[in-house]
Every structure is written in structure tokens, then in C-alpha cells.
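Chain naming follows the written order as A, B, C and D, and within any one chain the residues start at number 1.
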């Protein structure tokens, strides 16, 4: 599946860093934040923001936000103004609402009775509307439609207090968690501390890493005393970029305090009795970078297992197996390995096709994806091809690819999808087209192969997906308890009751 | 005095428009707002913002803000998105704090229990710090250092109410006015109405105009029935640009409601017993555009009277009178007329000197203002020149000009300043250098002529200024009551007690 | 007359600088060039270019060109790359053809058998088409429509020579001058020398200045030994900006060599027997900056004399005299002085009206210049106004101004134009509208007052203009010979026969 | 091998289109040109330019050029101005000289005695310096260092002729070809015709395609009568994007005329007796897009054969085979297939790593490529890895990758390079580092494995490469003659004698 235009996207990524040891630190925190953000850029390309704090009392914060990619938004002057930070948080955003303006960029920084806090958020509050009304009833005006501003005002709001009182952010965060069950992975920076919070269902990922000297990065002997800084990120792939070692995940419901003195778990807010965690299964299927680690397993490995499982569930009488580059490649290799069919490449991607300002006319529409993919004709002419994709959302991306392959001489094109059909909306932070637009809900789905022009189409089952995901966690199970995953978009079973 | 670099500046200008009659209107409201804003651009060049409303129930608002001049910030696409407005407010900003970022741009738009309001503000709240603490104690986070956000949250905050209640903006505005005495000229847009508010001291200007058919613009017979729209502006000079007739000023303390049905005075909040109004006298001296009308008199005329008064108070034995272009010209002509000396031009301004990226070296510093002004040598060589300026703030602009004239052959250069020395800070919205930087507070002031290299230097007295300003108002006095003007920066007498 | 939109414009300005004394020089040549260019920016705002040379053998040239104003086109990096220059030339361009592209920017730099030369040109070759054909017949392709590229190729072309021969630029320049009589003021930079050339008719201005220590700038005693560098410019106003003293004009037909050793006249190419020089009289009327000096007199003074002469030729029974700001002010003051009528201001200019992206609708068109000028009503209400303008080209700028004044209460508006009507095209570098568009050639001119809505309209006579211009030159006459000026646009008498 | 930073790059790509049938055409030529250019963008990312002609007599040309990618350089307005073209040529440039300015952008358009011609060029003239001198000796100034301007002036220059003569472009092109043997693939547009020219050695690629209705694109029955337009391109991969069928290659030494009436071979200029063609072998190894076809074979297939050959020449005792994504993947798959070892992925590429403005410090340098590649640890931990790359130029890209893999747990890392070591400069259009920078010429090459940290390093032999390339051409041989390929950068045997 192709990211752009497919209509399915992650909302955001968050990243934070606290320099360890004495301050002012030698660690270039602004640089760590920028690189960390670039490493999770796949989670959002609309805008980027960084806030650093010098950690003093009172602290001085520096903020820079900009539209577009990190590489566009952070010019040298921007980095200059962030440079005195001893800690900081940052955020990259994928717009779900179409309101793509600078004022919606995170992190949000607000001045409160205790001083400034900065908040970066990945996720979507299922009861956002009710919470907005509550906040406004209290007399607060909200200047954006962003959940993150809402969270920030909720933190400022509750409980009311006097100026002279000590700040009680942890109580306020717990209070926030009692108001809204999911979904959020949250970084709250206050003066010299970052609070890393994951909702009780653990719907969005969040993990912690440890910066060590590059020379000790890969030795097992880098002890706590070697720590140069702590980082926290939506995905562990960012740790490699900045020279950090994976430390651990933030647990569902956990509030972790990260300071220059280290990492401290302050609380784990429980779920209602009997409820399992609900980590978004699509992080495995599609969103995350393949080298990230969730629940102890590498995403690439899970995708490969999905491909293997798919080969078991939906074997094909064909000559070769291939991929829709690039995201489906692990699953395709898994399928090939399991089925014993040779793996080949059938499509060559033009990486320079970006936004061109060409008005699409009839001819262009007929040409379909041809400007994006070239067919490697000689590799498959006359052959029966199994083409593995990771998901099919609307069906309008895969269809012209099949046409391209057939016209270039493929004898048969069998589509094998390494995830089940998406049928339901997500209210927890994933941008999914309306129910009507999802191919799996449309009449054409009855003859999907005919509709998209494939010789045959088969999907992975929900059970197959869950077993591919959970099969690898056995030995990593937390506290010996059952893991659970959110499959709402596939099954309609939401982890919490939806109230509007 | 030259605006740039002189270190004294207005904070902002506000402008609003409501189309009269049936909606959707034929009047191009976005265009009226843009032109009105350009006409008061001298009040702020840092950023500009426009918010329009279609006035429906619930209303749809469109917002565009940008850094820089209106002509830079409002590209065609921006105007396109604003085009369906039946009413709107806008704002142009001059940064006083150095935090020059998009998020500080006005108007502020926030979502409240009753729906969205938009606020544009000119002025500075004297008790802003106390109000910020009050708001934050209530649990509201403030995301900017802007008074305008503070005002917006104060409006949202008080009094608390239920969702089903009718919006009571007037009560909320009155409440706001009871919390803070000055200074603010305020536009609050809610759905289909603009509330125009001026603080009880009338410190910042605000006046109302009426758009009529261009054909009737200058006939006295354009009746109320010809009204195509209502406009409200910091300065009346903007009315000429858009084809509107001057209607009236908003009174000190008045809340005026402007709707498609016309203009309605809702309330006039009184000052404490015995307090006079305190309209900023520097609006006359320097800030306002000369064709604007305040208190019934044209600003140009007041400046000319200042020049005449200066000629009476400080006559000079000289050959010619001239001006530091362009702002001091009315005063210089006044001085020439009163003194009987001929008026000539001595300086030619290069209007293309903007920001050049040249690093100033010693040579450049020695050359001073030479890149900005050319001396019209033949006009004054061998002559004794009276050079009239409107004010001297730091003394570092006038000094190189005197040097330029003397080196070009002026026999004598007598500086006559058409306002008294500035000695005190302003807490009501004008950006004035620190006390230490003001030339009038420095030891050099004892021999100011020697310091700046002039043959002689004389200032207008405070009494002279006040009489030049108030002498023209006699026949226009409102309600037969005494007028008062704020002269705090000259006298240190602030209209209200300052609390921090 | 207002520059923008009036349809009459200068083509270009040129400027050059050679550091005196030892190289590498201490003088910041790139800075001098930039400031010099800014000072003649009124001669062209479309694009700007600078070329510097280190003067070595072989030389290293650095070039930067950009669209728009100097302040836009020359960012810090651009200045950085020019910084090692010991000499350089630059150019600012006003597009006459509508082809506004970077490749037409000057100076042109080309590689020849002798090495690189750089050429900057102000003017227009009357026989350009014939010369283009000649060059192309020789087998040279021309990549722009620019006369300057044509000049550069002509210099390269003639006479053909061998690599080992010494460069003979002077012979080549003379050859060029024999091919084309006018109009050009030309700077040719080769290695360590600038050749400054003015066509035999002296149609375009060019003069030389001398950079001295700032401390000696205005003392009469700065001798040749104090010279820090030599500059050459279209207008002397640029000398003030950079701390240079006026040295002398380049004579009509003269080739001057400027090197680190000083200024040397190499040749003065004569005009055909009996022909007078033909310096463009519109440089005095409108184009030049008022503080520039041509033929020994300050432009401002000439304009003032035009105003005085106009008051003699066309006296008015009126109350006050005023100006269309800013270019007509010297003439208006001259008129007032001669007539004894008081000088006042009637219009206030909004200097922030630039390009706004507003689509003009009917209403806007009716409002005319209102967004650009505010009427200073109180100054002239009920009075009979003489409004002095420097020229009227199409009549569509002055007309709405008259309307504005009358509607604001002027009893009468008498237009007095300080130059004769323009009736003919210019083929020598000035952009003048087509004959049909010139108001003086249209039927409406018979009743011009009625057409533009004035009470009366009077123009200065050609004789009046010439006497105002030449009256001041008597004592400065070069070689005791008669001066001549090009009045072709007024009289149709062109200095040379036009061939196409 | 990674493109960026590796220091080896193609110079340029050219593309042209002529609409068939009646003019004005229905075919959107500007769109075809833009898409065609995007498809060969991998050949140059520095600048892009398009020139269209309406083909009339005299023709109207429209030109747009811009820095950066096609998607950046061609905004909607640019496409608008090109839209009336019935034919056009375009160019994308990779800077080899560091002079990255707009004026070096192609195509070059010059005005000649016969009217305007436009030229786009891929290649580098081996005798450029001698030709420049020749042209300048004729009196032509050259304004850029570009070979393409030189070609254009050579075409204009020879032979001299009269205005009334008919244009003789073919004779001029032949004359040009007699002056310079290689390397150039050239498009010359004149009025209504494009001449497509390939140098006698066929050093740079050039091929022709035919636009047919999309519906007939893949049917074998699309006859000549279905032709909607003709296209000519550096690479056939661009034909897919625009809906064109591959037609044929332009032969070495051939001049082809493309007009609305079709394709016509005008001449084939022979090589000196006994000389073979010398098509650049690195087009196969690295530059071309894998789906392009040269000499009848798909580039992907050749690369795969190189991988197979490498497995034969340099077998490895290892567990898995992998690739340095993305360019080495075909060779890696070939190696895996031949060797029987499983193919896996070991690196995950972060496609958002572009230019970040981070100043690299010691830490960053130590981290190496970590911000660009993530290690897919679980795939290879404890395994012996064969890592296939397509070429090693400086050795500084592969080295940190090996480090990354070893630190992530690879037991062994064997580097297998699918091309021979580069040892010599290219004078025919490929940007190769200086001899000293090439790893194969440095002392470290003696122990290259030790130097880059690999367990072992093996290169493909020159013979192996040539056989992999030529082995596939047998059945496609043109005219039954031997094919030849330029291997100068590997062997130092240049196809022509180099003269300076």
C-alpha cells in the first residue's frame, strides 16, 4: 500500500530528550531532538515542532515550529535558538482534519500558575467532544480544534489551586487519565522534567532509550554510569539514529518521570477490571518503521510472519512472488519463503514523483500509476505473479498496478493482502476514510478480484493476523498477563465504549 | 523623527466591517478589510490578520494571518478563503516585545460555550500581570504573552454559565471593563455582530464610518438608507481608501454594537468621579496619519499648530526653515508661516533604502544617514537653517543629519522640536526605549545642542503642546465636558495608578 | 507624476568602483557597489546585478544577479561571494519590454579570446536591429533581446584577432562607437580596469567620483593622495551614500579608463560636424534624483526654476499652491515663490500601498487613487488650488486626484505642468507609451481641462523648459560651446536619423 | 552505492516531444514534457528547463527554467506559459562543476540569422577547450562554461551565410560532428522540427518512442496511424510514464529528424575505420533506471546478470545475501539466485533524511550513516552476511554500513561489488572524483577489507562485467556488427585520443 493518497495515515509522533548529569550539558540536545524527529518523520509530514528548556528555576523555553518536513521547517536559525536546551520535547504531525495551519502544530506551550508546561501528544481522545464542552463550561476558550490544546488546558484546569502551592503535575496527569481512557501517548515537559505517559490501554506506542558514548553503543557493558542522556520516542527506530540503546517501553497506563537523574516510574493507572490492553495492531501492519521494536519484537519480523501466515492461509499456484514497494516487502519475502516460490521485483519506483503541478486530464487518469511505477517487464513477462500488498483501503491504488503488470505481460496477477479488510472507522488517532469509501464495505467487494482486475484476491484473516502478531510475544509477556491488541478497524470491537 | 530605528512605535491598529442589508452581501468585505488595513499599516508592520464570518447560525469563520506587511501576508489564496464573509475584523501589529511570531498575530479566535469569538485589540492593559495570574488561578493556560489572548480568555471566563444559556457578551465585556481601566480599543466579533469598545479613558482611538455608493460619497445627501456597510477603525484615514464617510468616534468607555441593521450604543462605562479622559497625545504628535480626524480635528492641522506655537515659544534668527522628511513637514510649514521665514527642502530621501544585508563597518558608521538622505546642497549652502523635527527620542538620528547639513555648507543648524522631551515609559501600548536610553534623561541633555552638534536646540513646552492640541477642540467638545489627554511620557502623570 | 503606472520610466542605472592603491584593497568594494546601486535604484527596480574582479592576471570574477530591488536580490551569501573584489561594476534594470527574466539581467559577462569582460549599459541603441542582423550574419547566436548582450558580442567580434595578440579593448570600443551613434553610457570591466564610455551625443548621464576618508569628505583639502577608490555612476547622488566626492562628468563621446592608478581620458569621439550634444532633458524633468548634479547644476534647482518659469508663463488667480507628492514638490515650491502664493500640502501619501492582490472591481475603480492618497481636507476646503505636477503622460493619474480634491471641498483646481506635453516616442532608452496613449495626441487634449476635470490646465513651453535647464549652465559650459539637449519626445526632433 | 555524497553522477538527461497530425494539437505537449522529465530526473537534480515551440513560421518559443527538481521548478504559472507548444525539448541537469546557477540551465535558446534554435545536450565534449578557443577566435563571446552553449554557437557559426539563404541545420550539425567526436546526445529544435543526434561512438543513450492512445498502449496492433506524438529521451523509462511505446534507439552517429509527419533518419556519420561504438558501461552499472532498455536489453536484467557473474567469480561461504538499498538490489538478487543463498533485507532506509541543517559534530560523525539506515537486527544477528553493492568509489559510504551491521550482530560481512574498481577519470560527461580520491588508487586498497572493516571484499572483473553486459545483446546486435562499450573509467582505455 502506498502511503500518499491511500487515505490512511498515522496522526503523529513524539520524541523527547533529557541530558543526564551536570547542566549545562555537553550533549547537543537540539540536535538529538532534530535527528530523533527525522527518524519518526514517517508518522507525520505536515508540520514539526521542538521546545527546549534550560531546566533552570524559572526555566527558559525556546520554541520553533514549522510546516512541512523537519528538513524544511528547521533552518539553521531555528536550531540556533533552541541550542541552550538541557531537555526538550518535539512532535511531528500528520493532519487528519484538513486544517493544516501553523497554529495547530505541537508541542503546545502554555503559561500556568506554576509556570510554563509543554505538551506533545500522539493519539486521539475518544471523548474529546464531551471534554471540550466541559472545559469551555469552566470558562476556557479553545483556540484550536486540537486534542493536544484540550489536554493542555485540562492539565492547567484541574484541580484549581493557589499560586503558592507546589506544582502537582502528577496528580493533574492522573486526573486527566481519569477523565479520558484512550488514546494518548503523551510527553509533558515542566521545567527540568519530562513526564512520559501512555494511556491505560496502551493504544499508541511509547518507549525509552538511553544515550551512551558511541564507542559503547554496541557493547553490552555500557552501564548506567555511562548514560549521557535519556530519550523517549514513539518508536525505537529513532534510537539508532542518535546513538541510544533501547531501554524499555512505557507500560500501558504508566506515568514515567524522566529527569537528569534518570527514569522513575511514578504510577501505573489500571484499566477497568477484565479489560486487556489494546495496542493498535496497525502499527505492526503498516505504520511503524520496520526496524522499530514493539512488545519485544521487531516490526519487520511480524510483517514477515504475516506473509508466511498468508502463504499458509492463501496458497497460490503461481510462478513468482513480488511486492508493492516498499512497505509490503517483508510480507512478500515471508510469503516467498513459506511458499517456496521465487521472490522477484516487478515494479521500479520513481522516487522523484512528488507534487507536480500538472492538471490531470483524461489521458493522465488513464495512465494511472505509470508516472510513479515502471514495470520491470522482463522479470515477469508470461509468468503467474503473486503480488503481496500490506493492506487495501480504497482499492484505487492496487487496481492500476495490476493493469500495468498485465499489460506488461504478466500471465496472472494474484493479489495477497497481508492484513484483513478494513471495515470500521478508528476513533483513536488513525485517519481512515469514511465507511462508504472503504472497499471492504462496498458492493464491489463481492467480486473484488473482478473489480480491481486481479486473477484472484485473498486477505489474511483476523485470527491469522493476531497470531502472527502475538505469536512472537510469548516470551516477552509483561507480568505474565495476556496481551491484547486493538483490532477495531477490522472487527468493529472498540476497546472502550464510544460516547459522543 | 524617523520611524524605523527611532525606538518609538505604536503597537497596533484594528479595523472591522459589517455589510449592511441582506446577506449574502454584494459588498466585498474581504477587500474592504484588506484596504482598510493597508490604510492603517503605519500603526504596525510586523504582522497582519483578518477573520471573516458569514454571520450564519452557527457561523463559519475564515482566518488568515501572516508575518510582514499586508501586501506580503495576503496572497490571492488568502483573500479567496476569506471571501464569503458578511462581516469581519482585522489587525495589524507592531511588536513591542521582540517575540515576533505568527502565534502572537491577532485577531485571536477561540471556541467558547456559545461558539467562536474573534478579538482584535489595540492598547496595553496596565494591570496585565495581575489579570494573568487571576486567569491562571482559575485554571486557564495562556499560550502567548499577548494581552489580546488574555482579554479573550477573560471574556470566555466570566461569568461561568451553562451551555443552554443565551450568550451575554455585553455583560462579559462590561465585566472585563470593570477588571481593567485602560488601555484598549477593542473589536469583538461574534457570529453576526461586532462589538466596538473603547476603554473609559479613551486612551486609544476608535471611530466609525459608513460605506456609501461612491457616487454619493461626497454629497451631503447620502442618507442612512444609502448605507452599504459599516466600518470601524483605529483611524479615520482608512475611510477614504474604501469609500466610507466618517460617522462618529466611539466614546471613551462606550460599547457599540455594529450589525447589519446599523450602529447601536449599548452602554458608556464611566470613569471614576473627577477623572478626565486621557487620549494619548502622541497620536497627534507622531503616530497617526496626518489626514486622520480625532476629536473633530485633522491631525495635520494640530501638527501645523504645534509648529506655529513652537515659532512663538522658540523664535530663531535664521534664513530658512526646513523639515526632517516626511513626518515633521506640517510642523515645519507651521513654523515657517508663523515666523515668516521661507520654507525650503534640505534633504532628499532615498525611498529604496530598506534592509540591506550589509554588515556595517567603521566607514559605514561614519557615513551615518548618508545612504538614507541626500543633501540638497544648493538650497541652503551658506544659510542659517531652522530644522524642525517632531520629536527626539534617543538623539542618534538627528545627530548625523545635522552633520550632513553642516558639511554640505549650512552656516547654522537650529533644531526646533515640535513636542516636549520624552522622559517616562508608557504602560499603555506605546513602545518607548528604556528611561536610560531616552536622551532627555541622560547627562548629555544638559548640553544637547553640543551633544548632537546643533547651533541651538529648543523643544515645545508641555503647555504649548496641550494648547495646540486642545485649542482646536473647543467647538467640538463632547457633552460640554473638559477634554483631557494623556501626557504621561512627557510628565510622568499617568491617568491611572499603576499596579504590578 | 507618479512613477508606477504612469507608463514612463528610465531603463537602467550603472555604477562601478575601482579601489585605489595596493591590492588586495582594504576598501570593501562589494559594499560600495551595493550602496551605490541602492542610491540609483530609482532608475530601475526590476533586477540588479554586480560583478567583481580581483584584478589578477588572469582575473577571477564573481557575479551575482537577482530579480527585484537590491535589498531583495542581495542576501548575505551573495555579498559573501563578491567580497574579494578589488574592482567591480553593477547595474539596476527597469524592464521596457515586459520580458522580465533573470537572463536579461546585467552586467553581462562573457569569455573572449583575451579572457572575460563584463559590460553594464544604460541606454538603447537606435540601430539595434541592423546591428543584431550584422552580428548574426557573422555566425553569432544571441541568447537575449538585450542591447547589452549585443554590445558585448560586438566588442568580442571586432576586429578578429589571434590569441597571442594583446587585448585592444579601446580600439574595439571605438569601433563599437563608430557602429552606433547613441544612446549608451557604458561600463566595460576587463581584468583590472573599467572603461567608462558615453555616446557622442551624451544622451545618458555618467559621472565620476572619488572616495576619500570620511573625515576629509567635506574639507576642500582632500588631495589626490587621499583617494581610496574611484567610482563611476549614472548619477552623482550615489556619491553621497558611499562617501565619495564629485570629480567630473564623462564627456559626450569620451572613453575614460579607470584603474587603481586613477582616471585617464583615452579619447573623445566627435559628433558629425555641426551636431550639438543631446543630453536627455527628461533626466532633469523627472528621472534623476533631485540631489544629483548634471552639467554643473543640481537637478532640484532646475526643477524649481521650471516651477518659477511656469508661474511666469501661466500665472493663476488662486489662493494656494500645492504639489502632487513627491516628485513635483521642487517645481511647486518654485511656482509658489515666483507667484507669491502660499505653499501648502493637499495630499497625504500612503507609503504602504504596494502590490496588493486585490482584484479591482467597479467600486475600487470608482474610488481611484483614494487608497494611495488621503486628502488633507482642512488645508484647502473652499480654496482655489494651483496643483503643480511635473508631467502628464496619459492623464489617468491626475484625473482622480483632481476629483478627490474637488470632492474634498476645493473651490477650484488649476493644473500647472512643469514640462511640455509629451507627443513622440523615445528610441533612446526611455519607456514612453505608444503615441496613441499619450494624452497630448488624443482628441481629448483639445479640452484637456474638461477631460481631466480641472478648472484650468497649462503646460510649460518647450522654450521655457530649455531656458530653465540651460539658464543655469552658462558658467559651466564645456569648451565654450553651445549645449544641446534632446527634446525629441516633446518636439519630434531626434538627435540622429532613425534607421530600422 | 548511494547516489548522494558518493561523488559519482550523471551529467544530464534530455527529452523531447513533437505532436503528430494537425496543429494546434490536442496533445498537451507541456504536460508530456514535464512527465517525461520527471521520469529521467535521476539523471540530474540540479536544474530543469523546458522550451516549447508553436511550430509556426516564424515560430513562437516559450521557455521556463528553474533550479532544483522538476516538481520545484515548474509551478503552475510556468506550465501555463508553455501550454501552446506543438513541440518542445527539455533538460535536467546534474552539476559537475560546482557552478550551480540558473544561467547554466539548459536548453539554450539563441537567435540566429534563421531564427531561434533551442539545444539540449547530454554529454561532455572531449575537445571542449580547443573548440572554445576556436569559437572565441572567430569573435564570439561565451557567457557560460557550458558545453551546450558552445554547441549552440558552433551551430550558429558554421558555415557563415546570408540572411536570404535557406537554413541548413543538417549541414551545420554534420559540421559540428566533424569537429567533435564525442560525447553528446543532442536535441536541436528549430521551428517545427527536432533533430535528435547521437555522437558516432554512441557514448550517451538516446531513444525514440511513440505516443499512442492509452487504450492501444499495450496491444500489438497500434499502427503508425494511431500515433499521437513522437518522443525522444535519454532513457526509455520515460515512455511508460507518458503512455508511449518504445520505437527504436537513435544509432551512434545518427541524425534523426522528428516532425509532425514522423521520424526520418537523415544521416549516420561513421566512426574512423576499425573503431567500435563506446556506449558508457556505467549506464548499465549504476546510472540508468532499472526499467530502461539499452541495446535491446532491460537494465535490471543486466544488473542481475552482473550479480550472477559475481557469484560465480567470487563465491562466499556465508548464510545470507543482502543489498545496500536500493540501487544494488538487482545484483544482490542475482547473487542470491546464483549462489543458492537466501536473500534477506538487512537495512531499512529512512527516506526522510534529506538536507538537515545540523552541524555535524564528533558524535554525529561517529554515528555515521545511522541516521540514514536502520539495521534490521533480527534478520541477520549471528549470521554471515554477503552484502552486495553496485560500486565502491571512495569507500566512505560502505565503511559505516559495515560497522553498523557488525555492531548489530552480524557474524561476518563479506562485501561483493557488482562492478570493477574505478581507477580513471571520465572526460565524457560523468562526474568522478579525482584519481587521488578513488579508493582503488589509494594505498589502502591493498587491504581494502581491513580498511573498510569487512570480512572480505571482492569485485567483479572487467571481463565479467563486459560479458554480463554483452552476453544479452547477441540476438539484438545492430547490423550484425560487434558492439563495443566504453570502460575507460575501469581500464583507462579511452575511445578517442584525448587532446587538450
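Keep in mind that, in the parts below, a residue touches a chain if its C-beta (ideal position, glycine included) is under 8 Å from a C-beta of that chain, and two chains touch if they have at least 3 such contacts.
Which protein is which chain? UniProt says A, B, C, D = Amidophosphoribosyltransferase.
Note that the structure is predicted; figures quoted are calculated from it, not measured.
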When every step has to jump to a touching chain, what is the lowest number of steps that links chain B to chain D?
2
Counting hops between chains that touch, how far apart are chain A and chain C?
2
Report the chain whose CA-based centre is farthest from the CA-based centre of chain D.
B
Centroid from C-alpha atoms only, then distance chain B to chain C, rounded to Å. What do you get?
38
Measure off the straight-line distance from the CA centroid of chain C to the CA centroid of chain D, and report it in whole Å.
49
Shared-contact residues (touching 2 or more other chains) in chain D:
none
Per the touch criterion, the pairs are A-B, A-D, B-C, C-D
Can you check the complex and tell me which residues of chain C touch chain B?
28, 31, 34-35, 38-39, 41-42, 45, 69-71, 74-76, 78-79, 214-215, 217-218, 237, 240-243, 289-291, 298, 300-301, 329-330, 333, 337, 342-345, 348, 350-359, 361, 363-364, 366-367, 370-371, 374-379, 407-408
Chain D to chain C touching residues, read off their complex:
102-103, 108-113, 117, 132-133, 136-143, 145, 149, 152-153, 155-158, 160-163
